[in-house]
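Next come two complexes, and both contain chain A; in the first it sits with chain B, in the second with chain C.
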Partner chain A sequence: MKLTVAGNAKEYANGLTVAQLIELEKVETPQYVTVSINDEFVESGVFANTSLKDGDNVEFLYFMGGGR
Partner chain B sequence: MTTIRLKQQDYEAIVAHAKSGLPNEACGLLAGKADGDVKTVEKIYLLSNPDNSPEHFSIDPKEQLAAVKDMRANGFVPLGNFHSHPSTPARLSEEDIRLAYDGKASYLILSLAGESPVLNAFGVVGGEVVPQKLSIF
Partner chain C sequence: MAFSNEQLERYSRHIILQEVGVKGQKKLMDAKVLIIGAGGLGAPAALYLAAAGVGTIGIADADEVDLSNLQRQVIHSTPDVGKAKVLSAKESMNAINPEVTVNVYREFVNASNITDLIAGYDFVIDGTDNFPAKFLINDACVLSKKPFSHAGIIRFKGQLMTYVPGQGPCYRCVFREPPPPEAVPTCRQAGVIGAIGGIIGSLQAMETVKYIIGKGDLLTGYLLTYDALKMDFRKIKLPDVKNCAVCGENPSILQPFDYEQVACKL
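Let's turn to the complex of A and B:
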């Protein structure tokens, strides 16, 4: 299936989950990454159960914060 | 040493954004071009601070996503972020360092603690703070 990952067209096997995509894309410090699929944010607890489908647009966003 | 080039008008917009957010911290993103060790900021994104706190900030993922798409559409790359310290110096706090995951990003801190604003730039590589040169033009 065709995915757009961080703006880049990619080809992946059908049935891929968000958790698997994070591994394949070698996303660093995934515990601090927010994922959106077609502009909808995915709860981190369901990455392993969320399957991607052909045409999905996936973004990885790093948490940014701090203080004082 | 990495150099961050920031337009005077963008510097002034960051200061105004931070002052308008007082007493809370204010934050935003920086985008532009990177050429070796020189990063030129072409666009700043003045974002909200969902923490609404004088001691903490975080960037709203929805605003972050919109900014990332805009950067891409304009041919810019993400260069880093900025946030204000309303009552503490323009240095990275322990929390700032702990939450600085991106070794390629520049972290700009604007202090409003003194009579005049002070803006400094840093990188964080492997938990170590690396000062960067800030050039306002």
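Let's turn to the complex of A and C:
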């Protein structure tokens, strides 16, 4: 299936979960990442049992705490 | 109020713009902007807003200038090391534009002072370096119906979003709660390229100017992310959140509060 992850369209294995995608994409500080699928936030508690579907648009939003 | 010849010349590049003109320049000169944090983000924002003729700029920071600040905090100079950041910032801003009234607050913002602090301003810029402060600014601005620009930087990356009451999600809609102390690296631990502050802080100044003159599309409902190594800007659409703890339909946060402050001296 084709997913758009952080703006990049790529082929992924069917049935991939959000948790597996996070691991596959080597997401930094994975326990603190915010995920949206097709402009809806996904609760972090359900990453492991949320399967992605062909055509899904996934965004990772990261904490960025610097500034001074 | 009529413009003096000197003002017409100083702001000529603004006034010639169709979107600004004399009217827009007048709006800038009547505007009051508060910058919290006189560092990597606050420095470029303060310099550009002072140069733009924003009439009143407040700047809040409790720290003194440190040698390690000068790699990115371009509002301070080598002779300023040891000086209060807010005073050093004010000198630089008034050197660029003596017409600007700079109010200095040599203090850290906290739940007991932030509401009064932001009350006198039209727009707030978050230039802080830690999550407790970023959540505090968000909550206080949401509760006081005050538009603000959020930003964060680290290493070669930065991001920002703009909150305007009723026009999209707040910072807490997206990030919920601060991560535990030390869970996510700070600039001091991880490093940051100085120019990232220049880019993101300048974008915060740009959002402020657009808000004041009332032109263009603000970054409301979007998070703009910048990755310098990939030279990639992305504008990520943010979902609407109905159950946000501070801006949602049944908020549980009814007044600003402090998270345990982790010392983050840069």
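One rule holds for everything that comes next: the second predicted complex is superposed on the first by the 63 of 68 C-alpha atoms of A that agree within 3 Å, B and C clash if a C-alpha of one lies under 4 Å from a C-alpha of the other, contacts with A are read in each partner's own complex, and residues count from 1 in each chain.
As a working rule, a residue touches a chain if its C-beta (ideal position, glycine included) is under 8 Å from a C-beta of that chain, and two chains touch if they have at least 3 such contacts.
Everything numeric in this text was worked out from a predicted model, so none of it was measured.
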Kindly classify A:Gly66 by the partners it touches after superposition: chain B alone (first), chain C alone (second), both, or neither? both
So, A:Asn8: does it touch chain B (first), chain C (second), both, or neither? neither
Figure out whether A:Glu40 sits in contact with chain B (first) or chain C (second), or with both, or with neither. second
Which parts of chain A are in contact with chain B and also with chain C? 7, 29, 32, 34, 36, 39, 41, 59, 61-68
What does chain B use to touch chain A in their complex? 25, 27, 29, 51, 53, 55-59, 61-62, 64-65, 68, 72, 81, 83, 85, 88, 92-93, 95-96, 98-102
Can you list the residues on chain A that touch chain B in the complex? 7, 28-29, 32, 34, 36, 39, 41, 59, 61-68
So in the complex, which bits of chain A are touching chain C? 6-7, 29, 31-32, 34, 36, 39-41, 59, 61-68
Please give the residue numbers of chain C that touch chain A in the complex, ascending. 37-42, 61, 63, 73, 126-131, 134, 151-154, 157-159, 174-176, 179, 183-184, 186-187, 190, 192, 197, 223, 234, 236-239, 241, 264, 266
